[in-house]
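Here's the structure, in structure tokens; my notes come after.
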Amino acid sequence: MTQSLEVVSLEPTPDQWRWSFGGGEPLLTVAPGTVVELTTEDCYAGKVRGVDDLPSVVCQFPYLNPVTGPIAVEGAEPGDTLAVHLVDIAPARDWAVSSTFPHFGALTTTHSTAMLHEPLEELVWLYEIDRERGTCLFRPRRGGPEVELPLDPMHGTIGVAPASGEVFASITPGAHGGNMDTPEMRAGTTAYFGVNVPGGQLSIGDGHCRQGEGEVCGTAVESAMRTVVVVDLVKGGGPAWPRLETDEFLMSTGSVRPLEDAYRVSQHDLVTWAAELTGWDRLDALQLVSQAGLAPAGNVVDTNYTMVAKLAKRYLPGATAADGVHERLRATAAAYLAQR
Amino acid sequence: MTQSLEVVSLEPTPDQWRWSFGGGEPLLTVAPGTVVELTTEDCYAGKVRGVDDLPSVVCQFPYLNPVTGPIAVEGAEPGDTLAVHLVDIAPARDWAVSSTFPHFGALTTTHSTAMLHEPLEELVWLYEIDRERGTCLFRPRRGGPEVELPLDPMHGTIGVAPASGEVFASITPGAHGGNMDTPEMRAGTTAYFGVNVPGGQLSIGDGHCRQGEGEVCGTAVESAMRTVVVVDLVKGGGPAWPRLETDEFLMSTGSVRPLEDAYRVSQHDLVTWAAELTGWDRLDALQLVSQAGLAPAGNVVDTNYTMVAKLAKRYLPGATAADGVHERLRATAAAYLAQR
Amino acid sequence: MTQSLEVVSLEPTPDQWRWSFGGGEPLLTVAPGTVVELTTEDCYAGKVRGVDDLPSVVCQFPYLNPVTGPIAVEGAEPGDTLAVHLVDIAPARDWAVSSTFPHFGALTTTHSTAMLHEPLEELVWLYEIDRERGTCLFRPRRGGPEVELPLDPMHGTIGVAPASGEVFASITPGAHGGNMDTPEMRAGTTAYFGVNVPGGQLSIGDGHCRQGEGEVCGTAVESAMRTVVVVDLVKGGGPAWPRLETDEFLMSTGSVRPLEDAYRVSQHDLVTWAAELTGWDRLDALQLVSQAGLAPAGNVVDTNYTMVAKLAKRYLPGATAADGVHERLRATAAAYLAQR
Amino acid sequence: MTQSLEVVSLEPTPDQWRWSFGGGEPLLTVAPGTVVELTTEDCYAGKVRGVDDLPSVVCQFPYLNPVTGPIAVEGAEPGDTLAVHLVDIAPARDWAVSSTFPHFGALTTTHSTAMLHEPLEELVWLYEIDRERGTCLFRPRRGGPEVELPLDPMHGTIGVAPASGEVFASITPGAHGGNMDTPEMRAGTTAYFGVNVPGGQLSIGDGHCRQGEGEVCGTAVESAMRTVVVVDLVKGGGPAWPRLETDEFLMSTGSVRPLEDAYRVSQHDLVTWAAELTGWDRLDALQLVSQAGLAPAGNVVDTNYTMVAKLAKRYLPGATAADGVHERLRATAAAYLAQR
């Protein structure tokens, strides 16, 4: 396999960043199976560089959450499955930032959960990133102990062009993926998206050095990233909602409001998927998922909320998802890493 | 400590079962620190014993989800913290059951999410419990592979008498605890409840051999249990919502609707708690929880939905929750188990 | 009819007020068809008497929202329909009050929609009531025009004992009625409740000189009331959720969270009811309600939210609800008012 | 004024219909104050013409809900207020249709409220429209009485191009307007939209002969329309969410999920608006709206739910909204109708 490894690079300049999913021409077109080495800027478009850079001052709405892409995949047609394996996600700088943001987050009044309170105070936290030791350092702004947290890099935003000609801001998660903000989107994961337009049009951004489930303050440990993905195509079988696979788990996602509907969407998809993969009746799959499934929050702050439904593959005897593409992409990733 | 170990037994007869939290006389009164060996019946009141025992036929509403208790704790006054350490939860039989139930569950129309659909089919699953091997066996009703799942026993229902003289059915979770249905309520966990009435009035029931997060079909692997708890009291500091502690984690819960409000309640409590324990400003605690917190669903099927907010204690330097009672109860549990 | 008019009086002293639905002995027992002249205190238990009486200071939680009752109705058995016709609701004083209340209302963080904001400012408004002219005078606290509003007296809280031995605080609305806070509960309306316990146990309180739909700040123009009701009984036919009837409309209510579920419950009940009364298939009734139904909010501030589903009786040809008891009670009311 | 009355016509052919808000070139550009006589097709794109035309068969997703437009208004810049006065809305045919639709509506499982039920039966109702008598005739499909309902024509869908380059399907309501499905959008109403892009880009469609609040089955009495609007511009003052004005009422809208957030958005906007117009402090405006405001549902079926917050202008002494444009447009409408 290594002899045929196609590797391309995608390092967009700021004028090439995109701010939405859907519309626009691809920035890159690749054959299925291509390894793409790409760079992403952070959700602040790199403008918050210290604790005095308040996002509401230095950022210019709506120029938030730039994404790298779209990457068109040759041969991808509506109804197909676009598979993206995350090979490596490496912080590009030795610092990262997080912040509150006026009227954004789960524990504050927002544009949608409109109330008469003044916004919470806007604060920025600067994290030191130690790539050698694999840590990021939390420094409280107003005293108290510092905490060293393990790096667990992931991408908050990844997805394809929506159906029906819709164009969504890159901060919106949905059936097309987008800003799902789940920590499960780490290296080692393969994400599956249903293709809605020719080429699929994959974009990726919003790197996080790590993120708690729900992203309760509204932002993670935000960082520019140097990321490697393998992009592949499975003909047909495009899922209605993004799905994830790791060596150990299958996962379905749902990104709607209220949060119980995001739970319903993700669990419904996982139950249906489990039934298809095993031959179980859907009520039998419902029963198994009820006893063995996990349900972590993705985000509870974005324009849609995201829940993840997660099931260990060892509880799905004989099941092979998406024609086994995850295994193949793992091999591609290993070959790439061996020769890098 | 072992010389002073107080151990009492509580094995209610069916006419002693209770069906609600609040009201009624205690079934047992104990001194703080007492080990209680108790039995609980399953949520079907033991009436579903095979796949032909449809709950809607053999159970008599509202006689569902019996609880054992209340157990009054001497000296417990409103505002105090009732601490319950789960020492051991052992399935009492070599079988357990689960089922769908008409108009109950997350993927079906219900009493509250009222729709015009007919109910989903009512089905019962019988699990074989192998206590030696620590497994329960899932047998699909309509073909396909069987799956052996690890036992992970827990109690779906545990709580105290509500405030303000309210009486809630045992199937309702809330600020008093109750039917939270979180898999975190396993042996090794200490649960903290705010005391609302003299004695606190602890009740416990709804044992599960294991349960997925969210309990999507509405029921877990339901089983009668032989359970051992240590009941203790911390003067003052009663939390507004139930909290949990294990050797590794602190957890807050929220049980309301919609699910994002359950998320908000649990995260708000965890943020506030973390700030108190470390001396951080609340916004600093918000930031840390945003990056390091977990947010698994408890239940998304009961009269209130439950979310759990979970933080590793290693990220809270120097923090000691509830006067360190968890550590003391771990020691009591060890002493008990050593002499059992 | 006038010769048989049974009229009784119920003027509870403060020590006789109740604070919940369910539990406790009846304060009065009446035969079906009895006219009851009763008094109710306001939701502040009469303690807020001027703009300097902050509720959080002068009121003592949970002693809020006293109700008058319970009134047991002879012969009422579980499954029956308790019918309450509101004959007259008259403000008892020449002033009334409203207020914000810390962490209560739709546009503020609350106990359930927990956020990190400080509470909104607590303010009290004193209204002058002019019973002759039928007005209440709004005086802004911080300048700007005063507004004279028409009196439209109603009861925020009315209901029966809940099922299954539950006891709910009087501020909670639900299937038993309770604190639904809908402006439709005015004189001329007949309310129907499903009986859950012998006698039904009707209680009433929380008079409002008027109220907007949703009660957005959390309180209405709160007033002690002198109220006249006729209490009657229809054997069987107890509705799952409270229903209302006026000369012009049938109404169903739903009181749950989230608000779309309250909408679903109320519309589902109205569709089902319309089908029963006309002989339409349920999908035909759904179609008619879709085109001719109204859907005003009741409250969006209490522990459950209330939606009302409302259909003009002229769109239900030949329909007679609840054995025509509304017409009979209108006649009783007219006879009472004629002789008063 | 009549001498200067500019009247233009817009009758798009099917290939000119649009299916989204945002993107694309204007179909017409007009000066502020222009009267536009336009035609709209129904939400089924005219393909459902009898009870045997099942929408899921004859319609081709996503070609649903065509809109007429966009109409660019000369001089409209982001931040301005686009005012649209509805002069006349007349059914174009002597029949109209309604239907259930698989997995769409408030009382059925949907794409978002995902459940395991089969869809409800798909049924079509054909209404006879009598324009002379002003009625539409409901014929139940399965027996029972027919009902004559009054015509109350309105447009379910009206709005402008969204901000930030987003493109939303015409079935989605939001801050840009769109498919709000409120019966308040009838002749005599002026709608205000915040302009997001040069020209504003107004589109209109989805005529309803009448509609219940909430549109519970998912569709109204759907009809092609011959509609007359006056399109005008107020520099600055663009509202965050669509607002409405009639001779009697001011209204704010909110279109998000869950429904309580739509309520919050609409009430928050109305409170803020009332404060601005009267000089009241926002808490005083909150108090007045709490007692005098109305809160009918718009839709509880679309991709966002819509609530309307409604306040009689007589309770806002001295207030003039949007520079009095509603009064001026009423005069323009009268002049147009006089000369038609």
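Note that the chains are named A, B, C and D in the order they appear, and that numbering of residues resets to 1 at the start of each chain.
The rule we apply is simple: contacts are C-beta pairs under 8 Å (C-beta built on N, C-alpha and C of every residue); 3 or more make two chains touch, one makes a residue touch a chain.
This one's a predicted model, so the numbers in the text were calculated from it and none came from an experiment.
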Notebook entry, point to check: Which of the two pairs, B-C or A-B, is linked by more C-beta contacts?
Noted result: A-B
Next item on the list: Among the listed pairs A-D, B-D or A-B, choose the one whose interface is a repeat of C-D, with over half of the contact pairs the same by residue number.
Entry: A-B
Check: Could you state the distance in Å from the CA-based centre of chain A to that of chain C?
Finding: 48
Next item on the list: Round to the nearest whole Å and give the separation of the Cα centres of chain B and chain C.
Entry: 36
Checklist line | Euclidean distance of C-alpha centroids - chain A vs chain B, Å | finding: 33
Check: What positions in chain C touch 2 or more of the other chains?
Finding: 107, 113-116, 120, 257-258, 260, 264, 267-268, 271, 283, 286
Next item on the list: Could you classify the connectivity of these chains, where an edge means two chains touch, as line, ring, star, complete or other?
Entry: complete
Next item on the list: Could you pull out which chain B residues touch chain D in their complex?
Entry: 107-109, 113-118, 120, 258, 260
Item checked: List of chain D residues in touch with chain A within their complex -> 19-20, 22-23, 62, 111-116, 163-169, 240, 254, 256-258, 261, 264-265, 267-269, 271, 282-283, 286
Item checked: Residues on chain A engaged by chain B in the complex (per definition of touch) -> 98, 100, 106-107, 120-121, 123, 125, 138, 140-147, 149, 210-221, 257-260, 263-264, 267-268, 271, 278-281, 283-284, 286-297, 300, 305, 307, 315-318
